[in-house]
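Before we start, here is the structure in question, set down as structure tokens.
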């Protein structure tokens, strides 16, 4: 369970990104965070795995106060929290399998890390992760030869391979075309249901969020202005989250 | 799915010797992994290194033993003989002149040849490959050897050096240029042909504007290289700074050599900066 | 200038007539004439030192000799297996280039990291850039003449000379690769819980290896050509024998050396281009 209690975040330049955030997310929920650019969506995600520090308030994940973690403990904690990025962040010159294997690196001893020696079990597990996202046949293909959707799946497989309890996804479909975006969203749904992994994702496309996610959190200028099931949100509430401007959609891709 | 992947996989001779491995997951899905080439490549490189050590009789100990000689030499190089300045100016200017004229001649001849050697403009495959082969041959012969041959034919002096640089520039500029010409946009050319221009008119008005900036940029780049290259041509008697460098080293006058190298350095850096600035403006 | 813009704006306001638009056409011809004048001026200035005195007395004989040498090479030498045969000398030239390139590629790594602005502070990076520029400006022949004091004449001198000379170009290309590093990967490794060392091993090194190897192969190509030149000052390889034969006018031998050299360089150039293309596209 992730819980935010009166969380504030102020950047060194004085900009207050989060104001008094209170939030509880149970294990296995599939949550979409919506809002304008700069509203604080990314900051919420990045506080959860401590890529950013919280300025005030407490953030606990499964009873652990995230802000107190340091060094080794922090790295061990991050093993349980997978993160996915808009730009995939893969080593494009390496094969898909090698990218997925990097998820095992933090648990290996120095010598194995240095020489890049992976055991057979590790390789098989990595191949299984690739199979889970349906791109087993691309295991030995270099990432720069794959489409955007395939690359995002490699990134998803890499995250699955670290066996996380929570997956944070920062605009995972923003650089994909409508059809691929839907496929990747379906992958997320499947993983969420089959493995009971909590998924939090930032998303710009309101239609995708409403279609695939269970719960929607609307963020506006650093404050939560909507929190409820995706089914119950009304057009007025969406307009309020987006400050009266029109909410972006992916359109009808199919 | 497994049949699908195996049909996609193109087998090379390597895969026929070292058969690809089929990996089956717990759920029955299969994937195919080619054997890594890395061990074979590493073994070959290692063998080449060992063989090279033998053939060159290279050993670190001998170098470490005599290293103080080089340090002494460097010490003198960094204390250049300033009075030497006036004697260096003449040959240095000669070197620059040789490279200017050589570059100009080489580039002028290079342009038409490069156009003839571009497969997207010249549709005659025989002519294209003939020109490319000649260019490749010219590039294989070291500049210094070309300079020596010209010095033997036309006598010692800057003339032989200029010719050598021109030939060398011709080989390089033409190659760089035909590679660039082959990637230009041929759309405007087709448009010109469609509105009734003949091949030459279409080429001149649609392709030349695209080629010219690249051509100038390549020419400047060659000029940069040539200043450096022409500095040593004198070593075989082809004029310029090389004679002086040879002389200073022969007399073990390293302070004098330091002055020569310092001035060469200043000129080369100045030319490089200027040419880089121009090339940035061109692109 | 501003008056012109004002005029143009006014013209746009009241709809331009064709004649007015023509009157305001940009006048490039001034710039073009200036460029042409400068180039012609440079050519004229540099040709002042060229003294064409016709061929030397033996000039035509040399020219004829070279042609006859190339058409009738010394076959015994060309395929001879001894120490003085072309195959052995070519192999030695290659050995010099192999070791020189590998040492140079290794030596260039620290230089490149120290001279990259995204890793080191600016003053340090620029200091190392100047150092790299210095190494590059001194002609390889001069380096060879200096190293010969340390190693004595022979192939070892060629190896160490090439190791030093390669640093300049190789580190310059490494720097470009390092400065193009995709740092977003480091962010995701961070989110996974990797230490600094693990981030370098799996985030930085995989991105660099392919381009580093490609650069090294390219430099090998250049070093092979350069190694033939180094022989002239006694640094081993085929160059020494080639120049000796040229000076003593044994044309048949010159012919066989030139043939061997051309074939070798062409083969290596072909292979190196192919391997680099493969590296860029992925195997």
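As written, the chains take the letters A, B and C, and residue 1 is the first residue of each chain.
The rule is simple: a contact is a pair of C-beta atoms (placed from the backbone, for glycine too) under 8 Å apart; a residue touches a chain by one contact, two chains touch by 3 or more.
As the structure is a prediction and not an experimental result, all values here were calculated from the model.
K.L.:
Tally the contacting C-beta pairs at the A-B interface and at the A-C interface, and name the larger one.
P.N.:
Looking at A-B and A-C side by side, A-C shows more C-beta contacts.
K.L.:
Measuring between mean CA coordinates, which chain is farthest from subunit C?
P.N.:
A
K.L.:
Starting from the mean Cα coordinates of subunit B and subunit C, work out the distance between those two points in Å.
P.N.:
The answer is 4 Å.
K.L.:
Averaging over Cα atoms per chain, report the distance between subunit A and subunit C in Å.
P.N.:
47
K.L.:
Please list all residues of subunit C that touch 2 or more other chains.
P.N.:
Answer for subunit C, listing residues that touch two or more other chains: 283.
K.L.:
Residue numbers of subunit C touching subunit B in their complex, please.
P.N.:
Answer in residue numbers: 39, 42-43, 45-56, 58-60, 62-63, 66, 91-92, 94-96, 98-99, 102, 133-134, 137-142, 145-147, 149-151, 154-156, 158-160, 225-226, 228-229, 232-233, 236, 239, 242-243, 246, 258, 261-262, 265-266, 269, 283.
K.L.:
With touch defined as at the start, can you tell me which subunit C residues reach subunit A in the complex?
P.N.:
182, 184-185, 187-195, 197-198, 201-203, 206-207, 209-210, 282-283
K.L.:
Which part of subunit A faces subunit C closely enough to touch in the complex?
P.N.:
Per the touch definition, subunit A meets subunit C at residues 49, 51, 74-79, 81-83, 85, 87, 89-94, 98, 102-103, 105-106, 110, 113-114, 116, 142, 144-145, 155, 162, 168.
K.L.:
Looking at the complex, which residues from subunit B come into contact with subunit A?
P.N.:
Residues 1, 4-5, 8, 23, 25-27, 29, 31-34 of subunit B touch subunit A in their complex.
K.L.:
Under the definition above, what is the set of subunit B residues touching subunit C in their complex?
P.N.:
37, 48-49, 51-59, 62-63, 66-67, 69-70, 73, 94, 96-98, 100-101, 104, 136-137, 139-145, 148-149, 152-155, 157-159, 162, 228-229, 231-232, 235-236, 239, 242, 245, 249, 257, 261, 264-265, 268-269
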